[in-house]
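Worksheet for the structure shown next.
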């Protein structure tokens, strides 16, 4: 990675302006602190005014080669609340069907827009498209690669829920093999001192070695379990649930065996700290019982809302309109 | 129905603010009069200025589990003309495909939006989703259940066309069995004194007993016919045509027998009052001859336009920005 | 064509207000000069401010019966940058599926909007819909008929790239039989004195006689070639490439024979003038080598961007807000 296609951001807002955002690795600790402060200001702005007009006349183009309701909606709402407008293209309506290259599709969209959001099923494709994209390109997920804005909202959620990210025990539970969001979030948490990571998954869906090696290299403590035990539950400050998809298991019987073990119910919550933050990237399909929604520690809908604030902050920084509001 | 999920509105604008709108039964006569006044003001606003900025920074989220071009377009145009922005999700792009519950889908959308519009093919589903939706939820049709904003625009049309709704003879013609809009409109008309209702349909597509019982309980006169006769045509103040769909008939031959009987042509119009209001919820597929479009009594395109004004009024009341314009 | 459905525009902005735009034949030379000036002002507006608010509260409705990402995006971005909002309907979500006529679909959309953009696969359909559409209707392509806004952006591109359209040698290369954009552009170029047209195509994909007759009738020089020769390349001021689609050839072998002949590479560019303007309506599928993108004479992405400025100018003229900016 060179500076050309993937600038590393700092606490200086100028370091963000006009840049692509392709990978969580662009985020340093000071950069993250700036973004989190900006996101908190966005939350306040939305609460008081709904939004403002700082991006009036600006256009965001989103290109989604696989559907993602939430990510699309979140980016669009974020841009619109800052006064801008959106145009959207999905796979079925794109010129890719006429044999156009991804690079041309993205570059064409950039002709009409001030910033482009791209989601594509192939790892590395977003970074490749960025090389010829004359406007800032934001990675909204590239297959098994990255989905860096998701990690930003996860961090923002911990910050807003407990005030401080350092010195927390964060547990990842469920399918940790395929959970892209868990991988990115785990890596970003390594920026903070005193973090302790816990992984709880079926043995066949464990956290990949690659992530564990990275965490180890940063001197962060990590522990792995294959059942969700009472004493482990009691130590968690953050419990990050992920979706366990039936289709990830070679045999349906294997799924049936584990699906109830990795499920949070009101009974599970009784075993957790009163200050626990219960997160989930959503959608859920049974990993968290509906009755848990009433528990004040259930943070997943606030987490989803934070996605909009984190993206407003990112967009404002990239567009050079952070720290100001012309409301 | 408790106040919790389905507040009854009054002439006090405060009684609307932040509430769900799920059913026409929430509308009292004073509430309706307020909404109609507000809608007339919206019509004037659009005529003079196009719109205003009172919802600047606000976002409407629409979720449609079955397509409805007009309802989607009408809500979006209404919200945008008041200065807001829209995000839209349809069935094929929603996370329902990943096994998510309707309640979670709606609640997720509510994280990004200030108000949510929902259309779903299952009766009662919108009301169920409302129970966990933290933002105002507007029912845009729930299967054979309700489509309450349609009735509001129908009433607005009578009001704008003839100035007064009381003491009118309103005839419903066509498929009255499946015509959800006819059912709701008939019920709402019962709020007005001196109303007389006429039903004209093939015998197999008659107005349901349930609606007739309700009308009777309100002391409103009603008459049923199975052919569209000259003397009946001459008594109508409002003629509300509905679509007669071929697929509703068990045998194609039955359809062929009636399709021309329940059809409005220039000849039909000659038998009607010069002050008649000819309505149709559209789309039409032959029930009204194109040549009738030139007749000044043909109100169906104005009726469609009124849908936008009625929805602007409803949105303004629910969002707490009625009666003011910051243009 | 009568004035009723297809007004001819002049240099007086009033002649555009509230009119349909259905055909390039509505454009006179003075009208075109007005539009190009307006488009240049739009480019400056976007560069400096992103956009303005002159269409605040206004709504554009687009109805696309065949997908066209670029045209949709371009119209939407154009309208939004002037402060307006957009609603969009595509074939799969339209009521045409319920048996509605095109005229009714368009007229319904017009109930919510201030201007309607229509694309339809059947030649003449847009003009037919215009007859009953109470709001300005803009033709965004009607099958093998016209796509008049495309020609406007092509002309704008020549103007912006070389400052002057008169006395230029413009070469069309590729599939000239099916290239609707080439036909319209060739006709419009005939408005300018001293123009010389060159056609280079496989023999089976030659420029239609109809176009050649029209060009001849305007006293414009034209030359036809079936190979792309060095000496011809050296005379071109503008090289307008078009997509050669495999499916246009009766036999795959015929396609393989010609596809590399009508292809622009860095080597081709060495044979051209240093002031050449290389254009392509995009998407491309190999007619222009990616390596040519670095050449400053490669104007196709600027051409695409100009589509937005040309449409902003057209919309401003039709909506009666040209020549002013309330930014």
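Per-chain residue numbering starts at 1, and chain names A, B and C are given in the order in which the chains are listed.
We take it that a contact is a pair of C-beta atoms (placed from the backbone, for glycine too) under 8 Å apart; a residue touches a chain by one contact, two chains touch by 3 or more.
Just so it is clear, the structure is predicted and the values come from calculations on it, not from any experiment.
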item: Shared interface numbering between chain C and chain A [over half = same, under half = different]; value: different
item: Superposition rotation for chain B onto chain C, Cα-based, multiple of 5°; value: 120
item: Chain A-chain C separation of Cα centroids, rounded to whole Å; value: 40
item: Two or more partner chains touched - positions in chain C; value: 85
item: Chain C-facing residues of chain B, complex; value: 46, 49-53, 67, 69-70, 72-74, 76-77, 80-81, 83, 85-86, 90, 282-285, 290, 293, 301, 304-305, 307-308, 327
item: Of chain C, residues touching chain B in the complex; value: 55-59, 61, 85, 87, 89, 92-95, 98-101, 103-105, 107-109, 111-114, 132
